[in-house]
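What follows are several structures.
Presented sequentially are two complexes of chain A, the first with chain B as partner and the second with chain C.
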Partner chain A sequence: MNRRYLVLVERPPAVGTLAREALDLLLVAGAFDLAPAVLFLGRGVHQLAASHDSAPPRPLEALATYGITRIYVDAQSLRREGLALDALAPRPIAVDGAAIARLIAESDVVLTT
Partner chain B sequence: MNIAIAVYGAPTSSRAPTSALRFAQAAVARGHTLARVFFYYDAVAIANALVVAPQGEPDIAAEWSAFSQAHGVELVACIAASLRRGIVDAAEAARYELRAHNLREPFQLLGLGQFVEMAASADRLITFLE
Partner chain C sequence: MTVLHLINRAPPADALARCLASLTAQDTVLFYESGVLACCAGALTSSARSSRVRFVALRVDVEAFGAASRLDPAVEIVDDVDFVDLVASHQPIVSWA
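The block that comes next holds the complex of A and B.
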């Protein structure tokens, strides 16, 4: 049976090396054909903000290449951090607390970054 | 149960390596299988052989080494995270023409792919963040 994977990204881009290492873990999970879902939450939502200061190309632009197409963002974190959904790229699906609970419950392995 | 452990928090600024070790000891004592522990982010500092614990303070790196040798548990530090933080084994020192190497025994340097494989094959992945 195929196991379902979920990667949680909470580290904001401003933490430099730690942020890069979080995305490395996400991309490696994709490279290993695990087809993980990814949920950006907390200050990690800034990873999706297209305007943040990151040397091009942004690692997140490669998500689809790595087979990562289920991209979610915590709606409450978005509001708290003052970000709009249409300012994010790649465009995620906004989810509330109940949906996050379902995502986690339905996943066999949760990789925290 | 086949358990995998990931440790993220630095030994100097978090409880993660200590909490993970106590958990690992308890898991093995209860008969669970623990094949590998993966250190990532700042937790790789635990694999620096040049760190000296002050007299009278716990030496958590030495405790991890002893635990590994007693129970056959592999200790792995992420190679990319280690290189960024100045932790190299003999092979990497030769590759980058460095004058010294400092990886603590019995730690190994492996890639994130091994971490993902470990997580994929375990019944439970337990992560110690801080």
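The block that comes next holds the complex of A and C.
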């Protein structure tokens, strides 16, 4: 039986390599049909902030290609960081503390970056 | 199984706030390394203190940081063997960054 994976992304972009490693981990898990879920929280929500210039496609755009559709964002962190849900890409599902507790409880393995 | 939450950084890391917002009754929160400074008096919210969540701190780190007399009353002190037991008896384990 497949184990259920949840990846927490708590770090902002361009701080160390951890966020990039989280993405690599997600894509590998996706490639093996493990269907991991990912939750962005704290400053990690900035990973989802879409750039407004004509930059090349961001690596996060690859999530859908790898079948990773369970993308969540902590609503409270969004408010604290001053970001709006519709400014994020790929578009995540906003969750509150109780929903995060359920996501964690439903997972076998929770990885933090 | 219930969830084991790990906090290993001192404030002002806001990991504790996110952890407290995501707790379920029966979960355990373990404070270790400089995270023991995050469970000193006044650090835990009253709703967290009244919840059915167990708060524990690792003895060796509590002593290293001289925090024994300042811990929140809701926090009990555990040793390394208890740490191993907690890891074995909980799933999943969440390290809050």
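In the analysis below, the second predicted complex is superposed on the first by the 104 of 113 C-alpha atoms of A that agree within 3 Å, B and C clash if a C-alpha of one lies under 4 Å from a C-alpha of the other, contacts with A are read in each partner's own complex, and residues count from 1 in each chain.
Simple rule for what comes next: a contact is a pair of C-beta atoms (placed from the backbone, for glycine too) under 8 Å apart; a residue touches a chain by one contact, two chains touch by 3 or more.
What you see is a predicted model; the values in this text were computed from it and never measured.
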| message | After the alignment on chain A, I want to confirm one thing: do chain B and chain C clash, or do they fit together? | response | fit
| Regarding the shared-chain residue A:112, is it in contact with chain B (first), chain C (second), both, or neither? | both
| Now for A:25: first (chain B), second (chain C), both, or neither, which partner does it touch? | first
| task | In degrees, to the nearest 10, note the angle that opens at the C-alpha centre of chain A toward the centres of chain B and chain C. | result | 60
| query | After superposition on the shared chain, which partner residues are touched by A:34: those of chain B (first), chain C (second), both, or neither? | reply | first
| request: Could you say whether A:47 touches chain B, chain C, both of them, or neither, answering first, second, both or neither? | output: neither
| request: Considering only the touch criterion stated at the top, classify A:100 as touching first (chain B), second (chain C), both, or neither. | output: second
| request: Spot which of chain B and chain C makes contact with more residues of chain A, would you? | output: C
| Nearest CA pair across chain B and chain C in the overlay: distance in Å? | 6
| field | chain B and chain C contact sites that coincide on chain A, given as residue numbers | value | 109-110, 112
| field | In the complex with chain C, residue positions of chain A that touch it | value | 6, 8, 10-11, 41-42, 74, 76-77, 96-97, 100-102, 104-105, 107-110, 112-113
| task | Using the touch rule from the top, collect the residues of chain C that touch chain A in their complex. | result | 2-3, 14-15, 18, 21-24, 91-97
| Of all residues in chain B, which touch chain A in the complex? | 6, 8, 40-42, 78, 80-81, 84, 111-113, 115-117, 119-120, 125, 127, 129
| task | Under the touch definition given earlier, write down the residues of chain A that touch chain B in their complex. | result | 3, 5, 17-18, 21, 24-25, 28-29, 31-32, 34, 109-112
